[in-house]
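Several structures are given next for inspection.
There are two complexes below, and they share subunit A, which is joined by subunit B in the first and by subunit C in the second.
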Partner chain A sequence: MGPETVINSLRQQITSCESQLQDLKRQLAEAEYQSQQQRSNLQSEQSEHCAPYPLAYDFSHGVHDDFRAEILAALSQPEESIPSPKRWPLDPNEYKRYGRQLIMPEIGLQGQLRLKGASVLIVGVGGLGCPAAAYLVGAGVGTVGLVDGDTVEESNLHRQILHSAARVNMPKVESAMIALHSLNPNVDMVPHHGRLTPETAVSTFQPYDLVLDCTDTPASRYLVSDTCVLLGKPLVSASALRTDGQLMVLNYPPRPPGDTAGGPCYRCVFPKPPPPESVVSCGDGGILGPVVGTMGVLQALETIKILTRGPSALSDGLASPDPPSLLIFSAYANPMFRTIRLRTRKPKCAVCSTHATITPEVLNSGSLDYVQFCGTINPIDVLSSNERISAENYAKIRLDVNPFTGLEPSKDSHILLDVREKVQFEICSLEGSVNIPFSTISSTPADDCKGTATETGLESGWVSELRQHTDKPIFVVCRLGNDSQITVKKMKELGLDNGGQRWIGDIRGGLRAWRHNVDRDFPDY
Partner chain B sequence: MSEAKNDGTIAITVEFSGGLEMLFSNERKLSLTIPGKDENGAKTNIAFLVRHLCNTVMKDPRKELFVLDDTVRPGILVLINDADWELEGEDKYEIEEGDNILFVSTLHGG
Partner chain C sequence: MAPSKAPTGHFSILYFAAASTFTNKASEHLPAPAEARNLFSKLEELYPGIKDKVLSSCAVTVNMAYIDIDGDDAPDLELVIKDGDEVAIIPPVSSG
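== the complex of A and B ==
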C-alpha cells in the first residue's frame, strides 16, 4: 500500500468515526429529551391526581383557582404542544421518516407498528444480507440481528453495499452496524459475531420472529432451515450466482413439525444435498452485484409482506396467502423473472414431518455434522511430483537454459498452456501462453482407443493442434493449480505425451503461486 | 394438449437454469422432438427424457453433473409446466405434446 492510500484510508476512517460520533450525540440528545418528557408527564399526571376538589379549595394558594389555572395553562403551553407518546402511537420523527410507506394501504399505521414490534435475524451480511438489512432497517423493523463470522474484503465491495473501503478487514457485522446505524438510529441492532454452528443456532434464533437466509453454502442453508422449523420461524431464503438468483419463502405458515398445513422447508424441496463438485461459489463462478442485490432486496420485500400481515399470520398462519413457490431470476433471459409452484411439506421430511429425526436436542448436542452431510471436495492431487513444477522453477526455464531440452531460453522452447476460461485469460496472462479453456478441455470426450479419432478426423481442434509439436514440453497453468492437474491427466489419456516421450506437467499452485513467488505485479483478481 | 403426431413423435420445450445450461452448450432453451414411446413401447415419461437428454443431446462428458443413479442428481429441480415434478408424479409423468420441462440447478452463493 502506498503512503497516499494510507492517508486516504485514514481520512476516510476519520470521516466515518466523526459521523458515528455525531450520530451518537444526536441519539443521546434524543434519549435525554425523551426521558425528560416522560418525567414531566409523570409529574403532571401526579399533580392532576392530587388536585383538590376545585370548590373546596378555592383560595388555598392565595390565588383564585380560575386565575391559577390560567397561569398554569400558559406556563405549560410549550410542553402541551408536543404530543405525548400516549397520544400518538409512533414517535414524532417516525411519522416523518416512514411517511412515504405509512400512507400506503399495504402498510398503514398498523403495519408500521407491526414492523416496529418485530425482530428479524439476518444470517450472513454479504451480497444478500447487505441490501436486505438496509431495506429492513430503513423500513423501521424494531430489532435486527446480524450473524457473520467474516471480515470485509476488497473483493466484496462491488456488491456488499453496507461495507466500505475504509472498513476493509473489519468484521462484517461491525461494519454493517455502522452503516445501518447511520441510516436509521431508531432500530435496535444485535450483533452475533462468528459463524452459525448447530450448537448455537437454536439459542441465536430463539428471540426472533423471522429469519433471512443470506448465507453462501449448502451446509449453512440446511442448518438455518432446520433451526427455523424446530423453532417455528418463517424463513425467507435466497441465493445467487453469476447472473441468476433464486428466492423461496419456507416454513410459512410456520406450523409445528408433522402439521401438513405448514409450509415446506428446505429439506422438503432438497432432501439430499448436491454433490460437492457441483457447488460453485461466487469466488469461483463470479457474481454480478445487482443480481445478488436484487435477490436481497426481494428478501426484504417478502419479509415486510409477512411482518405487516400481523402476528396472527405469523403464528397460526390461517391467513396464509400464496402457495409455496420458487422465484427464479435470470438477468440475461427474457423474461427475467419466473415463478414456479413448489411442493408442499414432504410426508417423510427429516425435520418437518411426523417422521422427523432432527429435534432441538439433536441440534444442540452438536451431533449433526452439516459440513459432512453436504460433503467436501478433497484438494486435487492427481499428479506425481515429476509431473509438476514450482512457479519459481518455471520462471528459471523462462530465463535460464531449459533443464529438459537443454535449449537456451526462448518462447519457442516449450508450450505454456493456460486453461483458465477465455474471459479470465483476457484479464491477464503470461507472455507467450496459449489459451485453451478448461470447459473446452473437459467437454472433449476422452478417447478410448487412442488414434481412432485422429484417423477419422473427428478429433477436437485443440488436440490435433497440440499433436503437431511433438518435441515441445507442455506446461499447464491455471488460476490455483487444480484444473491444470486434471488437464495434464486428460492430455496424457489422449496420448499427447507420445507414450511418455514428451514431458507434460503443471505449474504447482497456478498463477496465484506465480504472483506470490515470482511476479508480485501480476494482477490479483 | 393434443395427442402425439402421426409419426409418433412429440414436440416439447426443454429449458435449463442455474448453470445447467453450461452442460448443454450454453443453450438455455431447446425445442426438441422426441419419440412418443419409450424402448418398451410405453408412453414417454420424464425418466425417458432424462436418459434421452443425457445420451443424445448432452455433448459434455460430465454426465455426473446432470444424472446420478439413473435419475436427475440431487440439487436439480425438475419443473413440468412451471410446477415442481413432485406435484405431477416425478419421473413417471407422461410427457404431452407442447410440454415445457425446466431443469433448475440450485444456487448457493450469497
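== the complex of A and C ==
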C-alpha cells in the first residue's frame, strides 16, 4: 500500500469517526434534554403541593414541636409515592414536539394518539423509503419497521437522505436507524435485515398495521402487494424513475380476497409485469433526487391520512372516503401531477378476487417464483470470441501494434465507436472516440442495408458515414459491454463489415473494464 | 409540455415513462373516433415493437379513467374513443 492510500484511508476513518461522534453527541443532547424536562416537571409538581406552607405561621405559635413536625411531614409527602392515573394522554415532550401538527383539525389529539398507537412497515430504505421514514418518524408513528438487504453506496447519497458519507458500506437499515433515532427517539424502530422473500413476507408483515412499498423491482412490487392482500393490510405504493413517479393507495379498504368492496391491488392495475428487458433501474436510467423524494414524501402523507382516520378505517369497517386512484408525477410536464381514477377490484384478479389462486399457503411454501413471473434477462453474449477484444488488448492497440491487422499504432488506424447515450458520452469518453447513441442504432431498420437504401440515398447518416472508411477496423464500446455486442451484430447485418473484410468487434466489459484494467482514473459514474 | 387541444376529428394521446421513451413523444393527436380494441394495433403500426415492449404491461385510461382492454373478454373493448377524448398510456414504473 502506497503512502497516499494510507493517508486517504486515515482521512476517511477520521471523517467517519467524527461523524459518528457528532451523532452520539446529538443523541446525548436529546436524552439530556428529555431527562431535564422530566426532572423540572417533577419539581414543579412537588413545589405546587408544598409551596405556600399556609399553616407555617400558625404552627409557630403554641403548637407542640413533635406534633408540628408530624403534620408538616404528612403535608410535604410528595404525591409521587402514591400511584396516580396518567394525567395527560401524551408525554410532556410530545405536546411540544408534535404541537405544530397537533393543533390541526386533521390530526388533533385523537390523530396523534392514533399515530402513536400505529405500526408501519417500510419495505426498502432507499430513495422512497428514506423520506417516507423521516416524515413518519417525525410525525410520531409509534413503531416503524424497516426492511432492506443493501448497504449504503456513494451513488445513493444524492437522494437517500437518511444515509451519509460516513456510513457508506453500512447496511441501509442500520444507517437509517441511526438517522431516525437522532430525529425522534420516541419512536420504536424494528430492523429487518435482508431482502424480502416469499417465505419471509407473511411473518414480516403480520405485526404491522400498514405497509409502504418503497422497493425497486417488479418482482418485489407483486410480492409486497400479494402479501398485503392476503393479510388484509392497506398498502401505500410508490415508484420513481428519471423524472416520473407513480403513487397508489392499494387494498384500501383492506377487505378479504373476494370482497368487491375492498380496494384494488397492484395486480388489478398492472396484471402483467413489464418485459424484463424493458425494466430500467435507477442505476441505468437515472433518477433525480427530488422526483423520488416527492414520491416518498407523498407516501408518508397518504400513510398519515389513513392512520389518523382511526382504527375503523384500518379494519374492514368503513369504506375509504377516497375512491382508488393513481397519481402520476411528471417533473418536466405541465401539469406535473395527474390523477387517474382506478377501477375497483378486478373480477379475475389472481389474488384479491373470488378467482384468486394465490393464498397464504402458496406464498409461505415458496412455490411462487416472483422473479420468474417477472422474467429475467440473461447476460448478453451474442458475439464469438474473435469478435471481441479485452480492454487490456485494446489498450495495447492504442499503444502498440494491432494484433489483428498488424498495423502500427496511430490514432487513425481504427474507429473507436462509443454507443452510450450522448449525455453519458459528454461526461467522459476515450480520446478519439466517436459517439453514435445506441438509441439511434437500435431504431435504424435492419433492412436499411446492402444496396437498396444505399442506392436510393435514404440510408441513415451514421451508416453511410461508417461505410466511407471501408478499411478501418471498428471497435465498439459502451458502459458495461452489452449494447456494444448488439451494435456489432447490427452493423454486420447492415453490411458494414464488407462481407467479413473489415473487422468489427466490441470491447469486452465496456468502459467499466477499461477503468478496472487499464485506466483507474477514468470516471466511475 | 402541455398537450395542445386535439383538432376536430382527433383525440389526444399522452405517453408516460417508458411509453414516452419508446415513442420519443410526450403526446400527439390521432384520428377519432377509434375503437378501444384497435388502439394497440394502431400504435404498433406507428411504432413497430411497442406492443410487446411497452403496451403489454401498460395501464390505459380515457379521460383520466382506467379502462380494461387486456384480453379477448376485457370489459372495455367495445368502447369508442371520441373526438376530443384524452387517452393515456401508463407503463408501470417499478424503480424507487
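Criterion: the second predicted complex is superposed on the first by the 436 of 525 C-alpha atoms of A that agree within 3 Å, B and C clash if a C-alpha of one lies under 4 Å from a C-alpha of the other, contacts with A are read in each partner's own complex, and residues count from 1 in each chain.
Criterion: contacts are C-beta pairs under 8 Å (C-beta built on N, C-alpha and C of every residue); 3 or more make two chains touch, one makes a residue touch a chain.
Just so you know, these numbers come straight off a predicted model, no measurement behind them.
On the superposed subunit A, the positions of subunit B and subunit C overlap enough to count as a clash. In the superposed model, A:L28 makes contact with neither subunit B nor subunit C.
Of the two partner chains, neither subunit B nor subunit C is touched by A:L10. Of the two partner chains placed by superposition, A:I103 touches none, neither subunit B nor subunit C.
In the overlay built on the shared chain, the residue A:R338 is in contact with subunit B and with subunit C. In the superposition on chain A, A:I377 contacts neither subunit B nor subunit C.
Touch criterion met: A:A446 reaches subunit B, while subunit C stays clear of it.
With both structures placed on the common chain, the touch criterion links A:S278 to subunit B and to subunit C. Within subunit A, the residues touched by subunit B in the first complex and by subunit C in the second are 124, 126-129, 214-218, 221, 238-242, 244-246, 269-275, 277-282, 285, 287, 292, 326, 328, 330, 333, 338-343, 346.
Those residues of subunit B lying in contact with subunit A across their complex are 17-19, 22, 28, 59-62, 64-65, 68, 73-77, 79, 82-84, 86-87, 102, 104-110.
On subunit C, the positions that touch subunit A within their shared complex are 1-2, 16-18, 26, 52-54, 56-57, 59, 61, 64-66, 68, 70, 88, 90-96. Taken together, the subunit A residues at the contact with subunit B in this complex read 124, 126-129, 213-218, 221, 238-242, 244-246, 269-275, 277-282, 285, 287, 292, 326, 328, 330, 333, 338-343, 346, 439, 442-446.
Of all residues in subunit A, those touching subunit C in their complex are 124, 126-129, 214-218, 221, 238-242, 244-246, 269-275, 277-282, 285, 287, 292, 295, 326, 328, 330, 333-335, 338-343, 346.
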